[in-house]
Amino acid sequence: MEGDTWVLVEHWRGRVTETTFETLALGRELADSLGGRLVAVLLGHQCASLAAQLAAADGVLCGEHDALAEPSPESYAEALHQLSSARSPAAVLIPLTNVTLGIGTLLGARLGLPAVNFCKDLRVSGGNLEATCTIYGGKMEAVVAIRRQPAVLGIWPGVRPVDKGRLTGAPPVENVPVTLPQPQARFRRYLEPEAGDIDISQVECLVAVGRGIQDKQNLAVAEELAASLGGAVCGSRPVIDQGWLPLSRQVGKSGANVKARLYIAAGISGAPEHVEGIRQAGTIVAVNTDPHAPIFSFAHYGIVADAIEFLPAFTEAVRKRKQGA
Amino acid sequence: MSASLGAFEAALEPTLETLTHSPEGRKVLTCMQCGVCAGTCPYGDVMEYPPRRIIGMLRAGVLEKVFTSDSLLNCVACYSCLAKCPRNIRLTEVLLPLVKEQVFLRLPEVPAELHRALQNILRYGNPFGEPPRKRTAWLKTLEIPVRILAEDPRPVDVLWFVECENSYHPRGQDVSRATVRLFRALNVDFAILGNEEKCAGECARLLGETGLFDTLTDYNMAIFTKYRFDRLVTSGTHAYDAFKYHYPSSGFRYPVEHTMTFLAGLLDRLKPLLTRRLNYTVAYHDSCCLGRHNGFYEEPRRLLQAIPGIRLVEMVHNRVNAICCGGGGGGMWMDTYYKAKGYERLSDRRVREAAASGADVLAISCPYELARFEDSLKVLGLDGKMVVRDINELLAESMEVS
Amino acid sequence: MHFLVVFRMVPDVVEELEVAPGGKSLETEYLRMIASESDDHALEEALLLKERHGGSVTVVAADAPELDDALFSALAKGADRVVKITGAEFGLSTSRMAGIVAATIRHTPGLLPADLILTGTQAIDDLDGLIAPLLGFHLGLPSLGIVTSVECQPACGAAVVTREFPDGVRGQFEIPLPAVLGVQAAEKPPRYVPVAKVRAAMKSGRIEEVPAPEPAVAPSLEIVRMSKPVPLSHAEMLEGDPEMAAAELCKMLAGRGLL
């Protein structure tokens, strides 16, 4: 396997997304192993200015077309197909998100090659590419060997630190023409989320409060943390029953099953009724004054502390980090 | 008022069409419309169709209206109406399940929490959605070995049907471990089904999900026929009712007891073992199934009074008047539904009464009560004042075990 | 209108998954299969569309353990026809399965023409591709995934669908019929079906069986090994006063790409 490593740039509403930077970080490792270049493939419409954020790559391939103005898997896959057929990269890395879902599969189908999904790690072994993929909801890892190129790889969010792929500068940009028909699925318009309450089962980052928060006034502390993390506040049953949060924010047996990538359980003991709702959460952080609270068996990180003291300290630390980045 | 079903046991389960073919069914039609059932129903203020109205509409031939209302989802099968009916009509046993079955079939949408619980029971044999292979995880922290029939199928005296809450819920597991210690101290020859055990299905039946009950019955009967045992003792109060009253029509022929009455029967051997003094003031909550439905009011009190140091007090509503914890008949999985409608949780109501009785321990014998009352204590901020303990936990605590 | 739903059974992760002795696949002794969650949503959406527009719903699935229960359940919910594809071998390859299903759909009388083919947008074992775009590719039909609502306009031979994007934003697309849709969530949660109705379906309903056509040539997936990720039995405890622990936590989370 030899050649360049391509990373499809995911951009949304004029911003290059964090998953792109994570994927670039992984792509850099792969490119170095293969001895080729790391190329960021920037497809879209009037998006050339985003190239400046892609300095982690050795170069940017920019293809603009009005059919690429909205995320349309068929158009993006067709464009990628044209480009990769002409230039034979070793691997094409595509972040797996709501924006890009389907592109890898269609590209693989056009190429007659598998599009390997759920990759969290890549390495070169004996001239072949080995992808480590987490499947079955994270319960198993499968290592897949890929011998033919280009390897089409769907990459999970969070595989590498964002900072490692986020460099600004002036990478060399090559503009390439793409010829595309109008997509069969025609975009009409966006529907913005309604003002009003959110669906916590769809929120990526949650700050959950339990009885340990002690009083309704202290919710503010959780809300500030949630704001700094770009997430939302939810709660275990007692908090909802007290009327501190609406029913739509309840997590657990009588509430929502959440899938947040980051779940902060503050002052929650970890009763089965609550834990049932967080089994699919990504990383769980628990804060509780009781070192034997059951929640610590389910969490990845634990802090024995009063949530009312810890949350403000953590909010401060998060803000500092975000400013410093 | 709490006599056993007697003649009904022998009859086929009546349907609404065949109601008049059975003695108990015909008895339904002797209703004198007094309204005691409606008055005693814990959710009476929101129950649009208490038994009185149902029977009135049955007579008028407009029962269909009841079937298309969701009001009967409020029934928690607490047996209050049955216990108070001056005509002795077996309301909770005969009339309500038939009506609720029809309601359930017509529900445009099953409330989400209930939906999940029923799906889990069907698929995994327990409402929690925990894998069957974890049903015996509670044995791991027990110092006493427990015989599992699948591993050792020799004949046994007692098949102990542990029940779902007492297998999977951490507090239920405490009760199971206490029960094992008691059985061991009393030299009871017992074994469990282990991971082969699945929900007995009684609450599904009471809710109207008779198809699920039938499926579970088929499964459980197939398991029972694999083994040889003399009697079944269960920690589940609803399971007790299922095995005693409904499984016989599927061929179940064993004597059935609840662990509480089983231990009460062994009190002369148990009492000398209760040597540690427990200085608790205890209020006993009468379980709906064991109490109103089966009349076991004095047995649990005898057990508690056998513990040295225990001071027994009564709540205002005790014995036949006890206030249901709200867990039966599907109520265990309807909290979000009731909450959305603005109802007070029955367990909150009961726990306030318990706290007012001056007790520091609320003693129970039904697994639903344990989870629900502890939760209510927490929510109401009374958990500093009072704890919930299963009778078996108190008995085991009073045994000085080496 | 005729709606085709493609169903799939996936490992039930409530049960503990184990690796088979060969080290490359799942141990099947205690393995249970369950309908893929988003396929349930696809079926629900199809049933809702049938209620709105009239017509019929046909469910097609490749044979797998516990599939029959899922198919009888679909009949009890209101599907008109359920078809099981027998003799299909595809291992862990969604792309291979998609090829077989597409070929079967083409060759089995009465399945096509369909106005819409609905399936789940993604399954937990989609190691080598997503089924909706693959079906579209093999059948020469347009496809769209992450769909959360469908409005058919049969007179125009099109459907207006909404698809999810980040931050709660949805996009509205117009797609010509026939098309393949990958459903993320039906407009209503999948309905409960009383067990009595499923039992009745088991007695009186019928699962049609069709043999899989010759295996399509599909790129094969080479699995080197399968293993359980390192388990987490207890939280990593962060020490110190709130400020110190907070700083340490920030570092850890940033390292995981979460900040």
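Chains here go by letter, A, B and C, matching the order in which they are written, and residues are numbered from 1 within each.
As a working rule, a contact is a pair of C-beta atoms (placed from the backbone, for glycine too) under 8 Å apart; a residue touches a chain by one contact, two chains touch by 3 or more.
Predicted, not measured: the structure shown is a model, and the values here were computed from it.
Taken together, the touching pairs cover every possible pairing of the chains.
Summarising the inter-chain contacts, the pair of chains with the most C-beta pairs in contact is A-C. Mean C-alpha position of subunit A lies 21 Å from that of subunit C.
Centre to centre, using the average C-alpha position, subunit A and subunit B are separated by 46 Å. For this pair, subunit B with subunit C, the centres built from the Cα atoms lie 38 Å apart.
Shared interface positions of subunit C, i.e. residues touching 2 or more other chains, are not present. Subunit B has residues 129 in contact with two or more other chains.
Every residue of subunit B that touches subunit A in the complex is listed here, in rising order: 113, 128-129, 168-170, 335-336, 339-340, 375, 378-379.
Residues of subunit A touching subunit C in their complex: 12, 17-18, 22, 70-71, 73-74, 97-99, 101-102, 104-106, 108-110, 112-118, 130, 133-148, 157-163, 184-193, 198-199, 202, 205, 229, 261-262, 282-286, 296-305, 309-310, 312-314, 316-318, 321-322. Taken together, the subunit B residues at the contact with subunit C in this complex read 101, 104-105, 107, 109-110, 112, 115, 118-119, 122-124, 129-131, 133, 209-212, 214-215. Per the touch definition, subunit C reaches subunit B in the complex via residues 14-16, 30, 34, 188-189, 191-192, 194-199.
Residue ranges on subunit A touching subunit B, taken from their complex, read 211, 237-238, 241-242, 247, 250, 253-255, 271-273, 276, 294.
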